[in-house]
Each structure stands twice: as structure tokens, then as C-alpha cells.
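Here chain A shows up in two complexes: once beside chain B, once beside chain C.
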Partner chain A sequence: MPRAITLIPIATLLAMLGPVIAGLWGTVLPAFGHLPVAGFDGPSLDPFRALLATPGIGTATRLSVTTGLLATGLSVLIVALIAGGWSGTRAFRFLEKLLSPLLSVPHAAAAFGLAFLIAPSGWIARLISPGLTGWERPPDLLILNDTFGLAMTAGLVVKEVPFLLLMTIAALGQTQPRQSLMVAQSLGYGRLTGWLKAVFPRVYAQIKLPIYVVLAYSMSVVDVAVILGPTTPPPLSVLIVKWMGDPDLGMRLLAAAGALLQLGLVVATLGLWRLGEMVVRRLGHAWIMRGGRGRLDWALQPAGLLFGGLTAAAIFAGLAGLLVWSFAGFWSFPNVFPDSFGLRTWMRHGPAAGGAFAETFWVATAVTGLALLFVIGCLEAEHRSRRKLTSSGLWLLYLPLLVPQTAFLPGLQTLLLGVGADVGRGPVIAAHLVFVLPYVFLSLGDPYRAWDTRNGVSAAALGASPNRVFWQVRLPMLLRPVLIASAVGLSVSVGQYLPTLLIGGGRVSTLTTEAVALASGGDRRAIAVYGLAQTAAALVPFALALAIPALVWRNRRGLHG
Partner chain B sequence: MARGLELRDVVIRKGGQVLVQMNTLIGPGEVLSIMGPSGSGKSTLLALITGNLAPDFQATGEVWLDGNDISKLPTHQRRAGILFQDDLLFPHLSVGANLAFGLRSGGTTGERAERVNEALREVELDGYQDRDPARLSGGQKARVALMRMLLAEPCALLLDEAFSRLDADLRTQVRDLVFERALARDLPVIMVTHDIEDARAAGGKIYNIGAR
Partner chain C sequence: MKHLALVAALLAPLPALANPDPADWDSVLAEAQGQTVYWNAWGGSTTTNDFIAWVGMRVAEDYGVTLEHVKLTDTADAVTRVLSEKQAGVDDGGAIDMIWINGANFAAMKDADLLFGPFAEHLPNWSVVDTEGKTVQTDFTVPVEGYEAPWAMAQVVFIHDTADLAEPLGSMQAILEWSTANPGRFTYPQPPDFLGATFLKQALVDLIEDQTPFYSAATDENYAEVTAPLWGYLDALTPTLWRQGRAYPATGPAQLQMIADGEVDLAISFSPGEATAAIANQQLPDTVRTFVLDKGTIGNASFVGIPYNSGSAAGAMIVANFLMSPEAQARAQNPEVLGYGTVLDMTALNAEDRALFDALDLGIATLSPAALGSVVAEPHPSWMTRITDDWISRYGSAQ
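Then we have the complex of A and B:
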């Protein structure tokens, strides 16, 4: 037993990084013209020549960079304004409660919800028409899928703000911001300015990796780009997926070259971001040295709350929009509510959505179960060997989230086909694990390590073996964080689009792949059904994770809160 | 073969600097009080005895308990009971289940339940089996923690600032109870404290750490 447990960290690393490395390897070969299954023998630079000759490739590349940088920059800015102006207040706690469940809403569902709000025939246009606009019919405006990718950027921001805000809250817990802020305020600094000068630098150092993850993700996202992004041309990531789906196997060479371009792009942009960090540090230092007390705080502080509120409102209103559309009968413009309600959409699409729900459920459950085994095994091994995770270990944990999905998943699929391995549910589970493992680890790591080890010493001094301490004391006491980590795992798996699509080879249909496939068709009622089912699949586990411990430990006050 | 808890040439270092150096035998029913300012390493000695020394400390020497060298044994086989300043009752288990957790295995369900009841009676908590430990008063928690430890039939008792969280009256009460029970079972006791009152009440030898 003691032997077996030391192997778990190695196995975890393999499960997490193996597919990434294999996938990158499977990308490099075809990118240089080597794909024997399709009759290509490299090396050659033809794929890159073809890539450069693709019409619109310049725009597609630019879009990847601009939407990624803009979405990340805006998200960080909004989070800094909210946390700086409001952390520790009642409004902040309210916003925190509001935003945490939103974290689990899948990107695709949030994007569809936003689309239903801001589209020319969406809720916002309906609310102000014809009174303010005079529109009697939906205007011919390119709001969704705009050529600059602004709608797509907005879709990313509403999802990344909750993520970064929760990461910031976790970081705040370790930096004693209250004292620093009090000192700054007693020296005459405004709340926000004092926070930005005294607390933010320390917080930023702690949320740096999550921010890089947001940047890499935003640059290479596919589902949000398909739903909200530009189409002629789309961002690079969407092009890559399109080429991967082409029946002509030769197109895979082009896709592989594109994937390498995507990887280089993300690495270069991360470098650019780090350069920006240095510039901001310089400017910030000069700002601190000048000693300004914050004359603009009165305006910026409410702005933070406004943007935070808008983020939450966009997702909630979007989900409400999905709900209304799913029950809508005929709905003429510019009426704010449908002319009639009915169950027809649910009757028509319900059974198929039920099938996709089952597939989603089995994949997510298997992935999360495996992830829990790995993660708890790692944490327990860490505890028993008394070796803490080093900072380079933390980088390894973030690595699968930093390598763009579009860079290694195409290669992984090609590799699987090349060795004759079957695509399908098993490989999909392994691919999901790459993304689920880090999040489960990040979610469970802190509470697991924060457990008072004197409980363990106490139990051992009573004669309990390490295994008995683990099963009878530690796990029951950590029931709540374990369930929350499971909910995190389930929701991450539910939201996965690209791994399901590429590694499933079209044979694994989850709610997410089905919903995104509906995007181009424009059947809003069907989209609404799938979007809602997807949201439910991600949210219900969270509700259970909160309800079960409250129920099981209803007579144990020491485990509440 | 000596009964009691024996520290043979025990030296604990941190970064080459000697924190604790001891060579002593605490006989059955005797108390050794260890005093010193915080950070002087007095709890480190207890960590060494229970087998939980943090890796940044280096220790040499041996710990013998009732004639056995326990230095290399895992914590759960050392039979050294410990009480911390927090009661550390397991919050997910009822009072009775906490005691049953401590009770050495063996016996029928009925016998075990009777042992638990007996232990509760011994500290005037009859009928508290099904209570939530979080809802007990500080003194009650301390008494349950003591009985849970004694039910495991330890061969030595270690007290790590065990009374420092209790207010004055309660402190005297709980302290007297702990020493009385330890004496009744003939246990050697090591008490780490920063309060001279505790050490006086114990009546045994006093060892000062970190006094330079």
C-alpha cells in the first residue's frame, strides 16, 4: 500500500500531460507534410505554404490575438475594479454569491444566452423597440458575429470575470488585505487607489497563472467563436476545426500547420502579456511614488460594481432568455414576450436532448471519478510523504490549460487514427481528464491541505492506522470540499466542446456538441432546449454538493460553514 | 527493563542549532513539565515522541516506552496518547462515536457501548452518547477528549498546552481531572506549557527549554 500511493502522482502526471505531449507530437509530423496514412511523406514545408496562401488567414490570425488580449485585459480590469473597490463589503459578498454558480455555466450556454440578448431581434432590441428605435422589424445589423469579434469578446468576458474574481478571492485570503488597506486609508488614500497600490501587486502575483490560462483559452476557444465570433473569416481556431472535419485527409496537413501557428501565437502573446506586465509595473511604481490619493475613485468605484453587476446580469438574463425561448410559441417582433407559450419545443427536442444528456452524464461521471481518485491520491501521498507541491509542480498543473486546445487535440486525433485506435467514448474520457484534473486539483488542494493535521495525530495516537485515519476521519470531515471538487469536475467535463468533437470522432454526442452544432442553423427554440439542458447538467451537481453535506451533517454543527 | 517513558540522549536540531537536549526517565505516575517561550521547540519534543517530527528538524537519540524502543514505530503503534489545546473531537462523529473511535478494538457491540457509557459516567456526562460534540461546552469537550484518549489505553500521556484555551476556573478543574486520571492509571506524563501555574499543579520536575 505505501508503495502504490507513491505511484499515484506519477500516474496523474501521465494522465494529464501524456495526451498533451502526444498531441503536440501528432501535430508536428503532419504540419511538416508527414502523414503516411493519407499517403504523404515528409518532411516538407508545403502545409505552411498552403496555410499562408489561405485567403483570410491574416485576419483569422489577427482575430485570435485581438479577441484574446481584449477579453483577458477587460476581465482583469473589471476584476481589479470590483475587488479593489468593494472587497470586504456586503455588496461584494452578494456579488460573490451571485457569480460563483455562474462559474459552472458552460461557455456555450452563456454565449447562446448573450446572443439571445444582443441579437438584432434579441431581448434588448425588443425592449427598446419600437419606442426608442422605431424598428418594426429586426434591423439588418451585424451585432452577432461582428467582424471585429466584439460580441465574441463580450461572451468571453462574462465567463472569465467570475473565474478570475473567484481566483482573486482565494488569493486575497492569503495576503491579509484588510490591514494593508487600513494602513493606506489611514494615510489618506481612497479605497480603490489604496487597494490598487498596496494590495493588488501581491494579488496579481498569485492570480498570474489563472490569467495566463484565460489568455490562452480566449485565443483558441472554438465554441464561443462559432456562436458569437466573426465568420468571414472566423478566428484561426475555428478554421483549424473546419479543416479537421474535412473529408479530404490532405486537409489535415493544413490543420496541423494551423495548429502549430496557433501554438506559436499563444506563446508569443503570452510573452507580449509578460512584457505588458513589466510596463504596467513600471508605470504603477511611478504612480505609487507620486503619492496621489485617488481623485477618480468616486467614479471608478461605482464603475467596478456596475461592470460586475452587468456581467452577472448578462448571464442570468441570457439563461432567462433561453428559458423563455424554449417555451415560446409564435413570437413576433418587437413584442417583449412570446405571443403564446407551449411545450411543443420540449416535446420535439426533449427525447434527443435526453439521449445527449445521458451521454454527457456518463462521460462526466467517469472523468470526475477518475480525477478524484488521482487528485485525492496525490494529496494523500503529499501528506504522507510530507512533501509539498513546489512552484514548478504548480506550473505543471497549469500546463495542460496553457497549451491551446486547438494545438494538441487535432494531433491527438490524427495520432489515434494513425495507430488504428478507435475514437469514441474511452478516448473522449481520457481527453476530458486532461482538462478536468487540473481544476479538480485546484479546487480540492487548498481545503485538503488546510485540514488540521492534529486531527490525524490525535487519531493515530488513539491507535488508528494511516488508512483508517484517511477513511474514517479525513474524508468524512472533507466531504463538502470533495463534493464541490466533484461538481467542478462534472461542470468542466459537461462544458468540453473540442475534445468531445475531435476525439469522439463525431460518435460521442454530448449536450455541448449538439448545442454548438445547432448554432449555424439558427433554430432558437432547439438551441434553447440544449443550452438549458447543458446548464442544468453543470449546475445541479453544485446544488447537490451544497445540499448533501448540509443534510448528512445536519446534526453536526462543527462541520457547517 | 524500566517502566515509564524514557528519553535516551535525545537531541533535536534545526539547521544545526540544538533546540532540545534531554536524557531522562519519567516513571509511572510521574509528571515532567516542560516550559519555555513559544518557538523554543517544546512542542517539537512531543512531535518526536508521537513520531510526527517535521522534516526540517533533525533528531538523534531514542524514545523508550515501558521497555520498548518506539523510536522507529509509526504513530499509531506507539501507544502515546496526546491532548492538544483544542479538543480536536472529530466533528462528524457523535460524542459516543468519538469515544468508540478511541476504544481499543475487540469486544461485542454491547460490551463496547457499555465501555463508552462507563467512560461518560466517569466524567459525569452520562447520556451524552448521541450529542453533537460541537454543541458541548468547553469543559465538556475537554472531558470527552480526555476519555477518548484514555479508552485507547495509552502507556504515556502527552499534554501539548492542553489547558491553555480554558478559562481560569475550568482550567483548574480539567487539569486536576487529567492528573487524577493519569495517576489512577499509573501513566508517565509529559506536559508542555507556558504557564507556571500548570507546572506547579503538576508537582513534578520542571524542565526549562530555550532559557539562555
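Then we have the complex of A and C:
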């Protein structure tokens, strides 16, 4: 046992990084013209030449960078304004309560909801038409799929703000913000300015890696881009996925070259962001040294709450829109509500959505179970060997989230095909694990380490072996964090689009792949059913994670957490 | 040892011979029992998905075949899959057992020997298929030769909301004039979506008098000259389109939502009954009607093909045969279900089966067979491929 447990961290690293490295390897070779299964023998630079000659490749590349930077920058700004202006207040605690549901809403469902809100024929336009606008017909405005990718950026921001806010709250717990803020305020600084000057630099150092993850993700996202992004041309990631699906196997070379471009782009943009960090640090120093007490706080503070509230409201109103559509009869513009309601859509799509729900459930459960085994094994090994996770260990943990999905998944698919590996749930589960493991680790790590070891000492003093302490004391006491980590794992798995699509070879249809496939058909009622089912699949585990400990430990108040 | 080699050579199935043998229908029936057929079909239309689910229920009842619909966003994905499998040496038990296919994808698969067959003309229901009046033996000018089985006829119609556009428009030129007078009220699916590509072909054949070049492969010599009128037309049309042509709907069905939302008044469709079906599904207002162009519109057949490495070819043939049955055909033609044209010859049916079709009410927005007018055959697939590529670099990738 002691020996076995030291192997778990290595196995975890393999499960997490193995597919990434294999996938990158499988990308590099075809990118340089080497794909023997398709009759290409490299090396050659032809794929890159073809990539450069692709019409619109410049615009597609630019879109990847601009939408990624804009989405990340806006998200960080909004989070800083909310946390700075409001942490510790009642409004903040309210937002905090909304975080779990907001986080668990899959990107695709949030994007569908947002699309119906902001389209020229969407809910917002319907609310003010024709009364305020005089629009009897929707105006011919390019809001969705706009050529600058602004709608897509908005779709990313509403999902990334909750994520970064959660990370910020965790970081705040380790930085004693209250003392610093008190000193700053007693020196006459406004609340927000004082927080930005005294607390934010320390918080930022803690949430740096999550921000990089957001940047890499936003630059290479596919599902949100398909739903909200530009189409003439689409961002680079969408082009790569299209090429992967081309009947001409030669296009795989182009896709691989595109994937390497995407990887280089993300690395370069991360470098740019770090450069930006330095500039902001300089400017920030100067700003702090000037000693301004915050004359604009009166405006910025409410702005933070407004934007924070707006991102949350966008997701909830979007989901409400989906709910209404799923029961809608004919619904013309500019009516705010459908002409009639009915169960017709649910009767039509309910059974098929149920099948996809089951598939989603099995994949997510298997992935999360495996992830828990790995993570608890790692944490227990860490505990018994008394070695802390180093900062380079933390980087390794974040690595699979920093490598763009579109860079290594195509290569992984080509590799799997090359070795004749059967498509289906197995490979999909392995691919999901790459993304689920880090999140489960991040979610469970802190509570696991924060466990009061004196409980273990007491148990050991009574004669319990380390294994018995683990099974009978530690794990039961950590029921709540373990369940929350499971909910996180499940919701991450439910939301996975690209790994399911590319690795599953079409035979694994989850709610997410079905919903995105329906996006092209534009049948809002069917999309609504799948979007809601997807949200439920991600949300219910969170509700259970809160409810189960309260039931199991109904006579152990201290364990409610 | 020599004997052994000889016996092995004799026992080895000839590559050209279909196995299982479609001519021996009883053994096909026996082999299909209990098989699972993965049908890869475009999944963007909810009405089609429902129809396929119904087919699955029926073949499970009658033949013990389990049908799984693998929903594609692009049929080319399935072609890729089979091609990659062949390259990787997966010659048996491939991931795909049946593909909804036609046109360029069929030509590509047939060319690369990726199809099982010939089987279609051995299917029992082939005897009632209308081989005279309907283009079921050529697919975009490519001879079918039994490598795919027809199951639906499609013809281009235009869906218009009479509340905003009362009168049918008789030609592509008339559509341009109307769109110029009513900017922002028309668009078409973004090529390479097949319906978007069909719109381009429809425009081309309507703009040009001499259509003979379309029925052989496009050449470097004739391509630029023949397609010049199309690009002139699109240069004039694009600024008048919905969103000035800076965004397009992804697929045909996406246009239905746009009509219902009042975003556009006119849309192209490849299914004469789609509008009626959509009205029944509350996806379109009941003021919607359809029209065809004066010179006729493009029509073709939808087929199903079986990949050469399918492990359930017998089951797939059962499904293909069931799709051609009067029961399935009448259901597909029912506008409340799909509204697809039938491939069957009404005169070859017995009275009972014909009654299934006679009982159909085609619906308010469906043109009668006579009103649908003449069908323009599909051009050679090379035209579609080249026009689509050209469209992407001209209009689909803002330079």
C-alpha cells in the first residue's frame, strides 16, 4: 500500500498530460506533411503554405486573438470591480450564492440563451418593440455573428466572470484583505481604490493561472464561436474543426498546421499578456505613488455591481428564454410571449434528449469517479509523505487547460485512428479526464489540506492505522468538499464539446454535441430542450452536493461546512 | 500445400462481390436479425430526425434491426470517417453502416471504392420505384449503378411569407429586383452548406440559356466564362441581402426561424412540403406559401449508401428497403411529417398502397405535382465544388 500510493501522482500526471503530449505529437507530424495513413510522407512545409493561402486566414487568426484578449480583459476588469467594490457586503454574498449555478451552466446553453436575448428579433428587442422603437419587424442589425466577434466575446464574458470570481474569492481567503483595506480606508482611500491599490496586486498573483486558462480557452473555443461567432470567416478554431471533418484526408495536414498556428498564437498571446502585466504594474506603481484617494469610486463602484449583475442576469434570463421557447407554440415578432403554450416540443424531443442525457450521465459519472480516485490518491499521498505541491506542480496541473483544445485533440484523433483504436466511450472518457482532473484537483485540494490533522492524531492514538484514519475519519469528514468536487467534475464533463465530438467519432452523442449540432438548424424549440437538459445535468449534482451532507450529517452540525 | 493455397483462393470472397449477397433476400433477412445499424444522417432538421426515429421503431418491430441515428452537421464528416478507416486498415466493422448521401459525397465515395454494393436494384421494393420519371439512376450526372438506394425526391422551391411578399417571383432576376427594392429581407444558407450551394447552382442555371456545359465536368477552359453571370448577379445581390451579406444562416431550416421572427420574407428550400410541415409544427406563420421559378427548378434524389466496411450491411439493406416501402414513402410525403417527394411509381403500386398516397392532404403551402413544373437535373458535381470554393473566397472570407 505505501508503495502503491506513491505511484498515484505519477499515474495522475500520465492520465492528465499523456493525451496532451500524444495529441501534440500527432499534430506536429501532419503539420509538416507527414501522415503515412493518408499517403503523405514528410517532412514538407506544404501544409503551412496551404494554410497561408487559405482565404480569410488573416481575419480568422486576428479574431482568435482579439476575442480572446477582449473576453479575458473584460472578465478580469469586471471581477476586480465587483470584488474591490463589494466584497464583504450583502450584495457580494448574494452574488456568491449564485456562483455555483452560474458556473455549472454549460457554455453552449449560456450562448444559446444569450443569442435569443440580444438578437434583433430577441427578447430585449421584443420587450421594447414596437412601443419604444417603432419596430414592427426586427431591424436589420448585425448583432449575432458580428464580424468583430463582439457577441461571441459577450458570451465568453458571462461565463468567465463567475469562474474568475470564484477563484478570486478563494484567493481573498489567503490574503487578509480586511486588514489592508481597513488601513487604506483609515488613510482616506475610497473603498474600491483602496482595494485596488492594497489588495488586488496580491490577489492577482494568486489568480494568474486561472486567468491564463481563461485566455487560452477563449482564444480556441469552438462551441460558443459556432453559436455566437462570426462566420465570414469564423475564428481559427472553427476553421480547424471544419478541416478535420473534410472528406479529403489531405485537409488533415491543413488542420494540423492550423492547430500548430493556434498553439503558437496562444503562447504568443500569453506572452503579450505577461508583457501587459508588467506595463500595468509600472502604471499601477505610479498610480499608487500619486496617492489619489479615488475620486471616481462613486461611479466605478456601482458600475462593478451593474456589470456583475448583468452577466448573471444574462445567463438567467437566457435560460428563462429557453424555458419559454421549449413550451412555445407559434411566436411571432414583436410579441413578448408566445401566442400559445403547449407540451408539444417536450413530447417530440423529450425521448431523444433523454437518451442523450443517459449517455452524458454515464460518461460524466465514469470520468468523475476516475478523477476522484486519482485526486484523492494524490492528496493522500501528499499528506502521508508530507510533501507540498510545489509551484511547478501547480503549473503542471494547469498545463492541460493552457494548451488549446484545438491544438492537441485533432492530433489525438489522428493518432487513435492510426493505431486502429475503437471509437466510443472509452477514448471519450480518457479525453474528458484531461479536462476534469485539474478542476477536481483544484476544487478538492484546499479543503483536503485544511483538514484538521489533530483528528487523525486522535484516531491514531486510539490505535487506528493510516488507512483506517483515511476511510473512517478523514473521508467522512470531507464528504461535502468531495461531493462539491464531484459536482465540479460532472459539470465540466457535461460541458465538453470538442473532446466528445472529435474523439467519439460521432458515436457518443451527449447533450452538448446534440445541442451544438442543432444550433445549425436554428429550431429554437429543440435547442431549448437540449440546452435546458444540459443545464439540468450540470446543475442537479451541485444541488445534491449541498443537500446530501445536510441529510447525512443532520446530527453533526460542525460537518455541514 | 499447393492444394491449400488453391482452396484458400477459392474460399476468399471476390472483392467485387457484395457480401452478404443482396440477391439472396432470405439470407439477408436472417443475417440482419439482431444487427445494429448506425445511420449517419444530417441531424439539423428536427422533422427528419423524428422520421428517422420512426423508421428505427418500425424496422425493430418487423425485422429485429436496431437503428441508431448518428446526427451529422455535415455529411462529409461521415465520408471522412470511412476514408480514414480505409487508410487505417479498418476493413471490417467500421463505425458507420449507412449514410444519407448524394451528389459530390457519393461521387467521392464511389470513386474511392468506399461503398458496399451493388445492392439497390436487388432490394425487393426496387420493383415499385419509378425509374422512368425520376432521376434515381443517376446522381448529379454520376451513374448510381446500385451503389446507393433512393428514398426521397427533392426539388427547389422558394418559401415566401405572403404577409410581406404577396406574389411569387418568376426568376432569379425578379428575386434580385425584389431584394433591391426591399433590402435586408432575403438571404440564403452559407455555402458550403448544401442548400446554400444549391441556391448558387439554381441562380446559375436560371441566368444562363445554354445549360449543356453543366452536364459534364467543369474545365479550366469553360469554368470562368460560364460562371461569370453568376458572380455579376451575386455582386449585385449581396449588398441587398439580410445583414448586407456579412452573416448568413447556417442551414436551410435556420431560415424558417428567421421567417417566423420576421427577419426575412423569402427563403430557399429543397423540399416542396417543408413549409406546410413547418406550419403544422408552429415554426412558420400560416401566411406562408411556396413557388417555383418559371423555367423550372433543380431537383434530385436523396439516397442511402452503405460503406464497404460496414459490419451490418444486411441490416442496412433492410433499412434501405424499408425506406422505399409504400408505408415509409407515404409517411415521408405526409406534410405533417416530412413532406418529401416519393420515389415510387404510383402506377406500379397495388390499390391498397396507392390509397395511402391518395389519402394524403398535401397541405396549404405545398404545390401540386403539376404546379411544381419541370425539374432541372443537377449539374455535374464538379460545378458545385468549384462554385462553392469560389463563393467562399469571394463572399465567405472578408478580405
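Structural remarks
Following the convention adopted for this analysis, the second predicted complex is superposed on the first by the 560 of 561 C-alpha atoms of A that agree within 3 Å, B and C clash if a C-alpha of one lies under 4 Å from a C-alpha of the other, contacts with A are read in each partner's own complex, and residues count from 1 in each chain.
Note that in this section a residue touches a chain if its C-beta (ideal position, glycine included) is under 8 Å from a C-beta of that chain, and two chains touch if they have at least 3 such contacts.
Because the structure is a prediction, the values reported are computed rather than measured.
On the superposed chain A, the two partners chain B and chain C both fit, without a clash. Between chain B and chain C, more residues of chain A are touched by C.
By the touch criterion defined above, A:Arg557 lies against chain B but remains apart from chain C after alignment on the C-alpha atoms of chain A. Taking Cα centres throughout, chain A sits at the apex of an angle toward chain B and chain C that amounts to 140 degrees, reported as a multiple of 10.
By the touch criterion defined above, A:Asp223 lies against neither chain B nor chain C after alignment on the C-alpha atoms of chain A. In the superposition on chain A, A:Pro233 makes contact with chain C only, not with chain B. In the superposed model, A:Thr59 makes contact with chain C only, not with chain B. Of the two partner chains placed by superposition, only chain B is touched by A:Val473; chain C is not.
Superposed on chain A, the gap between chain B and chain C at their nearest CA atoms measures out to 48 angstrom in whole units. If you check the complex, the residues on chain A that touch chain C are 37-39, 55-56, 59-60, 119-121, 136-138, 140-142, 144-147, 230-233, 245-247, 249, 328-333, 340, 344, 348-349, 351-352, 417-418, 420, 423, 505-507, 509, 514, 516-526. Residues 386, 452, 454-455, 457-466, 468-469, 472-473, 476-477, 479, 553, 555-559 of chain A touch chain B in their complex. Within the complex, the chain B residues that touch chain A are 50, 52, 54-55, 74-82, 84, 86, 88-93, 101-102, 104, 132-135, 148-149, 151-152, 154, 158. The touching residues of chain C, counted against chain A in their complex, run 38, 40, 43-46, 49-50, 53, 70-74, 76-81, 83-85, 87-90, 95-96, 105, 108, 183-184, 190, 242-251, 253-258, 260-263, 281-283, 285, 392-393, 395-399.
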